[in-house]
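Worksheet: one structure, shown below.
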Amino acid sequence: MADTGFQPVSGFDLPRFAGIASFMRLPMIDLDDPRLPRVDIGLIGLPWNAGTTNRPGPRHGPRQVRDMSTMIRAQHGVSGVRPFETVNCADLGDVPPNPADLSDTMDRITQMLTQLRRAGVLPVCVGGDHLCTLPVLRALAADAPLGLIHFDSHTDLFHSYFGGSMYTHGTPFRRAVEEGLLDPARMIQIGIRGTAYDSEDREFAAAQGIRIVTIEELFDRGLKDVMAEARLIAGTGSTYVSYDIDFIDPAYAPGTGTPEVGGPNAFQALQVVRELVGVNIAGADLVEVSPPFDNSGGTAFLAASILFEMLCVIAPALAASRGVD
Amino acid sequence: MADTGFQPVSGFDLPRFAGIASFMRLPMIDLDDPRLPRVDIGLIGLPWNAGTTNRPGPRHGPRQVRDMSTMIRAQHGVSGVRPFETVNCADLGDVPPNPADLSDTMDRITQMLTQLRRAGVLPVCVGGDHLCTLPVLRALAADAPLGLIHFDSHTDLFHSYFGGSMYTHGTPFRRAVEEGLLDPARMIQIGIRGTAYDSEDREFAAAQGIRIVTIEELFDRGLKDVMAEARLIAGTGSTYVSYDIDFIDPAYAPGTGTPEVGGPNAFQALQVVRELVGVNIAGADLVEVSPPFDNSGGTAFLAASILFEMLCVIAPALAASRGVD
Amino acid sequence: MADTGFQPVSGFDLPRFAGIASFMRLPMIDLDDPRLPRVDIGLIGLPWNAGTTNRPGPRHGPRQVRDMSTMIRAQHGVSGVRPFETVNCADLGDVPPNPADLSDTMDRITQMLTQLRRAGVLPVCVGGDHLCTLPVLRALAADAPLGLIHFDSHTDLFHSYFGGSMYTHGTPFRRAVEEGLLDPARMIQIGIRGTAYDSEDREFAAAQGIRIVTIEELFDRGLKDVMAEARLIAGTGSTYVSYDIDFIDPAYAPGTGTPEVGGPNAFQALQVVRELVGVNIAGADLVEVSPPFDNSGGTAFLAASILFEMLCVIAPALAASRGVD
Amino acid sequence: MADTGFQPVSGFDLPRFAGIASFMRLPMIDLDDPRLPRVDIGLIGLPWNAGTTNRPGPRHGPRQVRDMSTMIRAQHGVSGVRPFETVNCADLGDVPPNPADLSDTMDRITQMLTQLRRAGVLPVCVGGDHLCTLPVLRALAADAPLGLIHFDSHTDLFHSYFGGSMYTHGTPFRRAVEEGLLDPARMIQIGIRGTAYDSEDREFAAAQGIRIVTIEELFDRGLKDVMAEARLIAGTGSTYVSYDIDFIDPAYAPGTGTPEVGGPNAFQALQVVRELVGVNIAGADLVEVSPPFDNSGGTAFLAASILFEMLCVIAPALAASRGVD
Amino acid sequence: MADTGFQPVSGFDLPRFAGIASFMRLPMIDLDDPRLPRVDIGLIGLPWNAGTTNRPGPRHGPRQVRDMSTMIRAQHGVSGVRPFETVNCADLGDVPPNPADLSDTMDRITQMLTQLRRAGVLPVCVGGDHLCTLPVLRALAADAPLGLIHFDSHTDLFHSYFGGSMYTHGTPFRRAVEEGLLDPARMIQIGIRGTAYDSEDREFAAAQGIRIVTIEELFDRGLKDVMAEARLIAGTGSTYVSYDIDFIDPAYAPGTGTPEVGGPNAFQALQVVRELVGVNIAGADLVEVSPPFDNSGGTAFLAASILFEMLCVIAPALAASRGVD
Amino acid sequence: MADTGFQPVSGFDLPRFAGIASFMRLPMIDLDDPRLPRVDIGLIGLPWNAGTTNRPGPRHGPRQVRDMSTMIRAQHGVSGVRPFETVNCADLGDVPPNPADLSDTMDRITQMLTQLRRAGVLPVCVGGDHLCTLPVLRALAADAPLGLIHFDSHTDLFHSYFGGSMYTHGTPFRRAVEEGLLDPARMIQIGIRGTAYDSEDREFAAAQGIRIVTIEELFDRGLKDVMAEARLIAGTGSTYVSYDIDFIDPAYAPGTGTPEVGGPNAFQALQVVRELVGVNIAGADLVEVSPPFDNSGGTAFLAASILFEMLCVIAPALAASRGVD
């Protein structure tokens, strides 16, 4: 049972358009706050897009997701889960990026995430571009490699870009495998589609035993069947969930830098998250929301809805594992 | 057979971008017009949003729907129905709201709708927010409670908001049941989804015997199956059809104040209306189109397309029942 | 000299696109915070638009202004004033409105502002529509009527709307004069233009001795000359400054509900504020920013720039009067 | 004194966001209406853009101007003129264009305008692109050439386009002079700027004695001085006023197809109209509003404001000349 | 095997946001270029919309499609086809239209396409409105009628518009059949939906034996089944593929002038193209992208993705037929 | 007299909406083109924004400026200058940036600009963010320091950002002075305004003798007077002109990342360029156009208009100095 001090502001007390926008209207707790040790799940912004190879903007993602997340209420419409009453959730603010120094910023992210891990906080990160995931994994997989369930239209498994640049949003999972942060045998990438320069990423995946599910396979087999396989691949070990908003069709999520047409719709986008029940989730992220390409906020609202679905899966599992409630 | 004086202006005579915009390019007839008694179906605007709890705007809905409805032509593409030749349809203008007085405006709506009912006009209303439905029901159910087929992402069955406010767009059907305007046993709500503050609405529905079909059930069973049940629930008695545009996924209908992701697509949005054939429809509405959140007009065009589908169901039934044609 | 704990977050420490958005990136302090008594100037959001007669939206104003105000830095480009180092400034959050109850919300605003007045906090309010100003004045003028310097395209001096509604955004200053909150002889309204239904407001102004400066007079005489007169009219007594964003031409500030073309440009919009030096300001507001009509944020950024100009006038005067520094 | 039957709907009776949108909320009167002979000034839509050489869209202009003109009230803010009480004004609908036949459409325009001229209606036309002006002039100058006061960034005096096409929005005034519809000695073009292919238009103007005032001259001398010259040039004879919205800087009027940067602001855009007092105006138009390039409606609202200024000049003069009131 | 000189610029050498935008970043080759005879597939812009009956804009289509097509890479995600390495592809520029002369422009299109046909270039055209297809067919079917696989929400089989205009975007296929350019027995139209004025088009189709597949049939039977029928109807003879972007639901492709709600999603929009394998394609087009109605570029990016799918079908077939590689 | 091969495509031959978009519709000439030595003025894109500290996007600038520059014609409206007939102008394409490597990209820019300098091409660069100017200056000032006339709302003279980063768009002129590329005594910065973190930049300027003209001084003295001073400061030596689009008020140029309200209007934005006649210009740039913040293209069109004004100043001077024509 969560503490009363960790409840979101209700729209009946303060209408949803009012008030300073934190993630899900949760209390804002910084790293020096004495309440930090009581936080079970921390929502963290990673406002950084140094890895973006084409259309920039995800550095503005966390703030817009915070804004639109004020439309999220307390209870899941289907399952009735009330995550904020289940475990203590909080908005832990943003990792301060250094826009002019890529490796410094990666270190800052790793450092804050390491501190949270030590404090027993399960992180749910909001990007930022997909390169953000690498320093997060460096913190979470410091002891042992993690499994990965990855929703995306791209594999992000490329070797390098622009004549040798090793750190872009097209390479994080290649690096993570090379660094031993992820166990290839426990990795699955779902929703892959769109054009490519070559097959170098897929060859790497094949060589490493990483499972790739293209959008065609996803639609042919159905989401439930593929997600059953995903749970099997992830197994019982600690697993990271990484969700790139461009997994979803750009009609639903136009606010992103590298869209690929022909993806899942919003219902399916939520459904795959619901199917994560049973996975041993060590952390999660939602990345690549780029406000300049959707200043209506629709993409950010969809992102907030997905984050809520994540919390509805993670919170009960965490409560159970910690003997909370 | 409709009168020739009640035909919409053809795009071949006056291109669709030209001319003053009335609903479907129909003749504009006010309540003092001698032609009023000959009107069978009246399209009425309810430009009012005093019940909106979050993002305002539906007061601008009727005008934008009028504008975009000029792209609608005379004949249904599948069924070949030509509603404007079947019965006399007209644009009866807007109920003049009082933006500063909630109960005064509700009275004005009830009053105009009562007058139309007495004149034998079947009303198809264009909101406005969903609170508009309550005063319409007060007029139409003055003699006996109606059945309800309700498409929405929300139940709008809550007791009150903001510390006791009984009249918001989240409460109209609660009030209507309490006032005896609707027969709970003949009510079905379809498409319900999204987060909630609590289950108070669903408990009320369960206690009253109101049937709620969540989006999950709708997609699992299929629209035709659910609509067959809807027809069964509505039975042969007079039934009101209330269509909240946020029933539809916000990728298709972004112009609304309280979207919930993961809804039906536009094809399905039309399909559920087609499945209303056989229902004894006493009136209908289409609400919650909020132009400030979609000034492209796409949402309003979808609304106009749904309204046309409604007319293609209602007009033949009305003609049959009145022995017209 | 301000406390170090009241400094805005620097863009060099946390880039301006990062972090939770408070006004000017100032510390967020609620009414229970022990730091409250040390606050000199409080920025307060009034997310409420129950008085809006045409296009709604200002309830969303405070949050968008917070967001865009993160682009404001620490020091004025011309005068070199550093307001946040001069006195203690803070974001005091929003007054929680009741969207369904007009008089309840006015009471809430008056109550919070009264509490702040007693705590010695000078309020700078961010609307909300212009009706918000009335309950603020009720708090600030509880003891004696205030002078008013009012920038607007409308006088907001009308008697009533829609058949007798006394409280809309077109009536606050009429009410305030009637209630004895403002001293007509110390009132000036600047920038008045646009069409009107009648001259009832101007006749009231003439009868009361309220000075109205039309846009034509403003441009003919020049801003400095008019502002010199404004200072003379306000005199040495306590004066309220009310700034409606529709004072400015809609090319610069499209995000508002009742624009009138032909207003001042952005440079002039700042200049009139600079000319307030010497006025004994008891409180100020900036109202009518309506995000749904400018989701680019340009209007809100202009509003934030005006608010900073206000702070650069108010902070040094306050420091002097309080013997701070 | 105007008839009571010709008054616009008041925003106090029917809020401005409500009701079917006619120009200025005036009564809609078609050519068969028995009230036609009582109309003094007719607002007429010309939804046609067959002459557009680059970015299309003005065919949608009249409807958007109608929509935004509902924000115009009854009385001028400066002069106090109440045009709708001075003479009978009405919305006469649109000339039905034939989008596929240029000369047929020009004939239709000329025909309707001829009919109105015979009925004693002074026309104020809303385009459409600038080619619309030619067929209007053919109707109004059937007996004798008119003078012209022309606000624009282009001269529209070119000989032909695209290898010999004589009828585009770049040629109407060349044709009108050639056809003897305009008296070159009584023509003035104001605001000319931007790049050109060559000087062919200016050479024609010079040869004919047409006065061209570039934007540089306009700003150097001031609007009042230039307008005094314009009145002198127009003299006492019948004069047509043609106002291309691209006269105004595109920051104020982005919704147009051929913008030229560096034009007047909105205040100046109104001011030049006010300076037409004393001119013997036989008709007027406002053209080139292109909604697809400004679906916020800001350009159309500025156009509506200019149209109201025109009415405030034309109505009193007309009343005087007709001995009305 | 394609020539190295015909490869698109790689995003690794020149990032996708950089460089002058040609279709797919292919070399730009004009008709006088000595490389022309080596071109196998030519991408050609037809920036012309003289046939548009309602909302204009497709004249701007080719440039926006070029811009967004820079996001397309070299290899198909599913099939692995690398069209640019298979045959020589190039951007051949635009046919210069004459916006003021309909038949002159049609002649110019026919003339350029005839020249390309003689040079052995297979054309893939980018409109422009659907009337563009007629002059293309005049060139390609000069010797013998073609088959047609046509994706659209409209049949474009009407006789005439606006009182006799024979050449609009609603008539090209009627004209093409009448002129003997298409073999009705080898024609199929897929996705037809929306309202109509009458059934005149369908009666013509029925009389001629043209197969029409409504959207209902398409969804009921499934895309693969319908496309199998399409291949059967097209047979082994030369067939033209015409793809109107309004085939797709407007949530995915809002940038078009005559949308009809309830169409296929983006995945399905690509899928139907993939199912063209085996058809003897003589040429293809993608029309009705109207940038003013989607300046986000999303519609154009979907169009570019469809064009790439077309190339992935056409290039291997062409290589096989020509014995290339 | 320019070569006929260097003329822009005329809108009479190919309408302005048609054709592949190069700068001003000029011929595209790459560095290997044999025509390169005949180029007098080269327009070069610098699609790079690695120095952007807040809202990203200028990497997309060159392409959007190319697109909108197709609306520019051949001849200046006031002066009658026809720059493309005066000297040979061409679009030389973009410097290929490396988005992942800041110093590599700076080297690439310096290298290409050095090559052009040796080929006798005067460069007019289109950014990209303001850091782009530094590597350009490294090429142009390789032999001797240049003078600088700099239009901007920021000085860009800061020492470093984010804890020591020396290369951002806030530091290029500091670096350029330190590297001896600019002669401080011959530098003037015009239009400076907005908030600042501190005065460190101004202190550097004061110490170095760099002249700063704030917006207040600019408006007080008038543009002509300030520009006379600018010409005096620049003297007869080689001078670089750097134009940041945020010099202009954001109502006119919203498409930029770090706007400051209260700047010059579009007319003034052109006027300052016209006043450069007499300056010995060695190169120029126009930077910080950020398409994601203005996808209407209005900002880019203003940028294109400014570039044309630059050409009208540079081309005649160059022709005179080279004895051309």
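Letters are used for the chains, namely A, B, C, D, E and F, taken in the order the chains are written, and counting of residues starts over at 1 for each.
In this section, contacts are C-beta pairs under 8 Å (C-beta built on N, C-alpha and C of every residue); 3 or more make two chains touch, one makes a residue touch a chain.
Everything quoted here is computed from the prediction, not taken from an experiment.
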| item | value |
| --- | --- |
| Touching both subunit B and subunit C (chains) | A, D |
| Taking each chain's C-alpha mean as its centre, the one farthest from subunit E | C |
| Listed pair (A-E, B-C or A-C) duplicating the D-E contact set, over half by residue number | B-C |
| C-alpha-based rotation, subunit A on subunit C, 0 to 180 degrees, nearest 5 | 180 |
| Approximate Å spacing (C-alpha centroids) for the pair subunit B, subunit E | 39 |
| Whole-Å gap between the CA centroids of subunit B and subunit F | 56 |
| Multi-chain contact residues (two or more partners), subunit A | 15, 17, 53, 55, 59-60, 99, 161-163, 249, 251, 265, 293, 296 |
| Which pairs of chains touch, using the document's own definition | A-B, A-C, A-E, A-F, B-C, B-D, B-E, C-D, C-F, D-E, D-F, E-F |
| Sites on subunit F touched by subunit C in the complex | 53-55, 161-163, 192-199, 214-216, 219, 249-251, 254, 258-263, 265, 293 |
| Subunit D - residues contacting subunit C, complex | 10-12, 15-17, 71-78, 80, 251-252, 265-267, 269-270, 296, 298, 301-302, 305, 308 |
| Subunit B residues within the subunit C interface of the complex | 49, 51-53, 55-57, 59-60, 98-101, 161-163, 165, 167-168, 292-293 |
| Of all residues in subunit F, those that touch subunit E in their complex | 13-15, 17-22, 28, 45, 47, 59-60, 62-63, 66-67, 91, 93-94, 96-97, 99, 295-297 |
